[in-house]
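Below, each structure is written out as structure tokens.
Two complexes come next, and they have one chain in common, chain A, joined by chain B in the first and chain C in the second.
Right, the complex of A and B next:
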């Protein structure tokens, strides 16, 4: 027992002393959680962005109601409310400037990213709308929204302007008596996949990051320690002592589980206290899934170590399998329709099942697979990995 | 000259034998494109989004059918709401709609935080047209969207690939010095080289030369696979592209030189390079648009060289427009960084007395 504890302590101390190991085990999961929570946690919230919008109103004839309505609606969104910044920063032509020249200049500014969108209200728009209203046909002229290709901010701004124009259109129809509010279409929303009242992206991603951390620890930690230890003859030094492989393995596994526990506590604490996540990781069923995940990825690490001939080869192999397994496991977002080859990888990937099971048992999102199936797949991976590793893994150079 | 030739051959052999460098330089971008292209190819455009539709019995559907026929949605009709809910949660469809003749219920999987914004936009447009159609109207005030410059129909993948190209250049340059040169230093290979008539600039020239070739091949492979597998046709401006690749490689090697000057241990230098490249990868709008980030991250991204490199790469491949002045300012800054920092590297690092 003393030997096992000594090996476990050595594993933990070594991991904590190596900066690169520490980065991948601890800093990277925490960093990723922080970034994902900051980026996707407040998507669509107001005050996150102010768009530079140019408005070129060429329909300045007296009584041009539609044009005035669009300008007024855009203007309302350029006023700050409370402490949040306004959605739009409007740029309009000076009273004495030529609108055509102003439009050309603003389009140039749009192309190079200085404007998010340019709204052009063509001459005669209001008259065209009035004619269309009387004839019950579509207007010949429309508001032109210019956006810049390849810029997400421009796509978002153009989309918002389209919504605003649709609102102005609605109010025009109502004012002209062409739209009966009493017969308006009822539009409702049905949220699925999780309790929409309590769901937050942070709750969804914390179990994903927890599983990712365990996966990365097993995938890189095991081959790193075993293969470099074998190559540098550190393991050989163990074998000249009374320590045998089963005791070394037990100590190694214990140390690995200790590192995983530290990692989990840190991920949970960051999610809970920095981003307000409510994920009940430390209950019997989630703990069982987490324990199974730790053992599965420990076994997977041994599988990688057993098929690689050199330490560098092992790390390269770990890097190659890391990305497909991590991103085809649905850890950070649910996976949609996939080509059959990628779907096959997803369906045999233990990360998929363990992430899904952890979300299911913590109640953060509905599980896509029955719990028994998820645990069964993970257990099957442990058996396969253990068999291959016990067959192929050599614990010493030339042994 | 002979020494440079020998060093070039040696550096090329070292790189070829380094499984990690080969993985990160060539395999990583390819794997990334193949996986993410398949997962998120159309994200952001809404094109080809899959709508699950349930029309309850007795509901008048002519207007809805006409609107759906004109839309870019792929419609899959289902027998009942239960089947629809199962399809939405299993991601067999992107979002759902239930039409009973008076109300339109849209069903979303709330877990798809990144995608739902697009689906909600599509649903809003659909509902708006149906609302008017029911009253026998069309909208009076229409909108025409026109794209000025750049790629009009750029989806997420089209924008990300030039970012990956920029990241590959950064990684290759950063690790060339931060990982490779500091490792040579620790293994005392530099000490042995320095006592030969080799000039430090010949060694740096060999490293830069090999990395330039590697970067050119890697970026061509990345763009080639994007074109072949996903049919993305980039309108590459070759003079801009060549200028970008050369200056960005030199600038990245310069950044690596700063790390090597600050951190002497190769493992620490690699770790720091790793941390910095990861931070820049997420903070520079490579995977997620900078615009959706919190304000302080948006501000911080301006200080990251990778953000400007990615913008320059997007400009060079015709995805995004920018002023010529800004493009050349980015290239000029990267070149200046390389030209200033490389001699410093030669002076302080390629020296026998530094440990």
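Right, the complex of A and C next:
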């Protein structure tokens, strides 16, 4: 046990002292989090006069005048007049797409700050209004304006939409000669953060950065230590002592997990105290996902180390797989509609599942995959990597 | 009764493809002595040592160490051994004392790092990173690591290769201290003077085989009572070799340096001076000396140690 702890301590100490390693495991994730938070964290907050609004019209029956009126009114504000920019940039579903799926995707976009508001026109709205106009009660259905609580741009866009809907309602009823204040069309404002913590783009990106940090640490840290240690006979000096590979590996893995912990605490602290993130990483389920992610990327690092013949070859291989795996893992933005080739990479990428699972269990975004599937895929990667590494990895320079 | 030999090997064989790196090597290492494997690069010294250190497994042969016969060196044996690897390294971002602590943790019982630091004269570098050490300091640290478990048997694989003369002498001083403390040392080197200075027993290896074994004096005596005469004759070296051939046991011309082995020094010197006067050639840098291990190797293989 003393030897295991000593190896773990060596791993941590050398990682903290070596500038290049320190950059990748600590500075890079913190820098990236800072940049993303500064660039995208306040979309539409300052000086932006054009709001990205999604309109999801589920009331497409013939003669649905109210729904058509709302869409048309919003559309008018999305046309530029003269030199000024339009107030809205409207996003509507393609003619052949499923409105329900489109709504879900747009709500995700709202969560991460890519939409200022999402306007949902429920099915049967127009009929409901017509029935109410001739009856004595208010319409049962309402136009839903989804906004992202805490974001000024979202609040402003939602208010403008509400005004427009009120104007449409008013003009509609006046035209029908049935305007009655008591039976006016209602607008429900649905705040995404109303029932829980208020999540922002930073909350979306903190779990992504956490997973990315673990990924980079495993991908570069493991081959770097093992392959350079092997090549420079640092490891050989261990093998002439009573220390054996299982004990060394245990110490190495423990040290790696310690590094991952330091990294996670730093990422969380930066997100929390510098950018006001509310995401809770240190709860049982998120911790389980993070532990699994650390082990998965540790195993992945050993996979890379086992297929590379030299240390430089290992680092080159790590660089080659780094970009596609990191950027096709949905860590920094949702992977909505990728071309099929890229989608195939995404679907086998452990980063995708672990990032998705962490967002799901922290509640910062709806998970695209069931938690069991994500954890299962990660476990499968661990098994495959462990099998390949135990078959191919050599712990000493050959002849 | 305790055996006089701490370690012995018999018919050790290690093959890499077509190459027999170690080809039926047998020897015994007496207790509390420096046993040296001397030979040129590629002779099989390091492979032999790697088998004895437990890094590699022999294809065949027997190893007996600390009174136990082993197929491969095991953990219990490693507890009693210390190893300085050829071109070994340590984590560059660890401090010197941390390296000693790390290695101390691998053994059931170990010495205090401070005590070892004193022994290898690295106390003032205890808090320095490994990457900042000079070659000689790194090698002293490597010896310190090899001694951290107070081993009975110490392997030193080419401990002074690449070091400057002062650093070499520092290492020699440490090794002499170990011998005085009763440690058994297995040393490999391709430096003849190192083997002569440090060893009680020298085994000469070439092409994976042991070709001679004995004390340095026994080995040099095996050449008889001959004397070596060396001089520089430049372009006329071939003429000098021809003129001296009849009066000596052997003569070699290596790029203008003539080396003569003779049993009759007076006759050889007379012929040399006669040839010098008749040919009008000045003989430069003449040395008359007794044979050394380099000459033994030359006599046995026809090559020099560093060829």
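Basically, the second predicted complex is superposed on the first by the 247 of 399 C-alpha atoms of A that agree within 3 Å, B and C clash if a C-alpha of one lies under 4 Å from a C-alpha of the other, contacts with A are read in each partner's own complex, and residues count from 1 in each chain.
Here, contacts are C-beta pairs under 8 Å (C-beta built on N, C-alpha and C of every residue); 3 or more make two chains touch, one makes a residue touch a chain.
Computed from a prediction, not measured in an experiment: that's the story for all the values here.
Enquirer: Based on the superposed arrangement, let me know which partner A:242 touches: chain B (first), chain C (second), both, or neither?
Expert: Touch status of A:242: second partner only.
Enquirer: Quick check for you: in the superposed arrangement, does A:110 touch first (chain B), second (chain C), both or neither?
Expert: first
Enquirer: Of the two partners chain B and chain C, which one touches more residues belonging to chain A?
Expert: Residues of chain A touched, chain B against chain C: more for B.
Enquirer: Is A:278 contacted by the first partner chain B, the second partner chain C, both or neither?
Expert: neither
Enquirer: Answer with first, second, both or neither: which of chain B and chain C does A:89 touch in the superposed model?
Expert: It touches nothing on chain B or chain C.
Enquirer: Which chain A residues contact chain B in one complex and chain C in the other?
Expert: Residues 18, which sit in both footprints.
Enquirer: Residue numbers of chain B touching chain A in their complex, please.
Expert: Residues of chain B touching chain A: 18-20, 22-24, 27-28, 31-32, 35-36, 38-39, 44, 50, 85, 88-92, 94, 96, 98, 102-115, 117, 121, 123-124, 127-128, 130-132, 134-135, 137-152, 154, 158-159, 267-268, 270-271, 274-275, 278-279, 282-283, 288-295, 297, 314, 319-323, 326.
Enquirer: Write out the stretch or stretches of chain A touching chain C in their complex.
Expert: 2-3, 5-7, 10, 13-14, 17-18, 229, 232-234, 236-244, 396, 399
Enquirer: Which residues of chain A touch chain B in the complex?
Expert: Per the stated touch rule, the residues are 18-20, 23, 27-28, 31-32, 35, 38-40, 42-44, 48-49, 66, 70, 107, 110-113, 118, 125, 129, 132-133, 136-139, 142-153, 155-156, 158-159, 161-163, 165-166, 168-169, 172-173, 176, 178-180, 183-194, 196, 199, 201, 204, 312-313, 315-316, 319-320, 323-324, 327-328, 333-339, 342, 365-366, 368.
Enquirer: Mind pulling up the chain C residues that touch chain A in the complex?
Expert: Touching chain A: residues 16, 53-55, 75, 78-79, 81, 83, 85, 87-94, 98, 101-103, 105-108, 129, 142, 145, 149, 155 of chain C.
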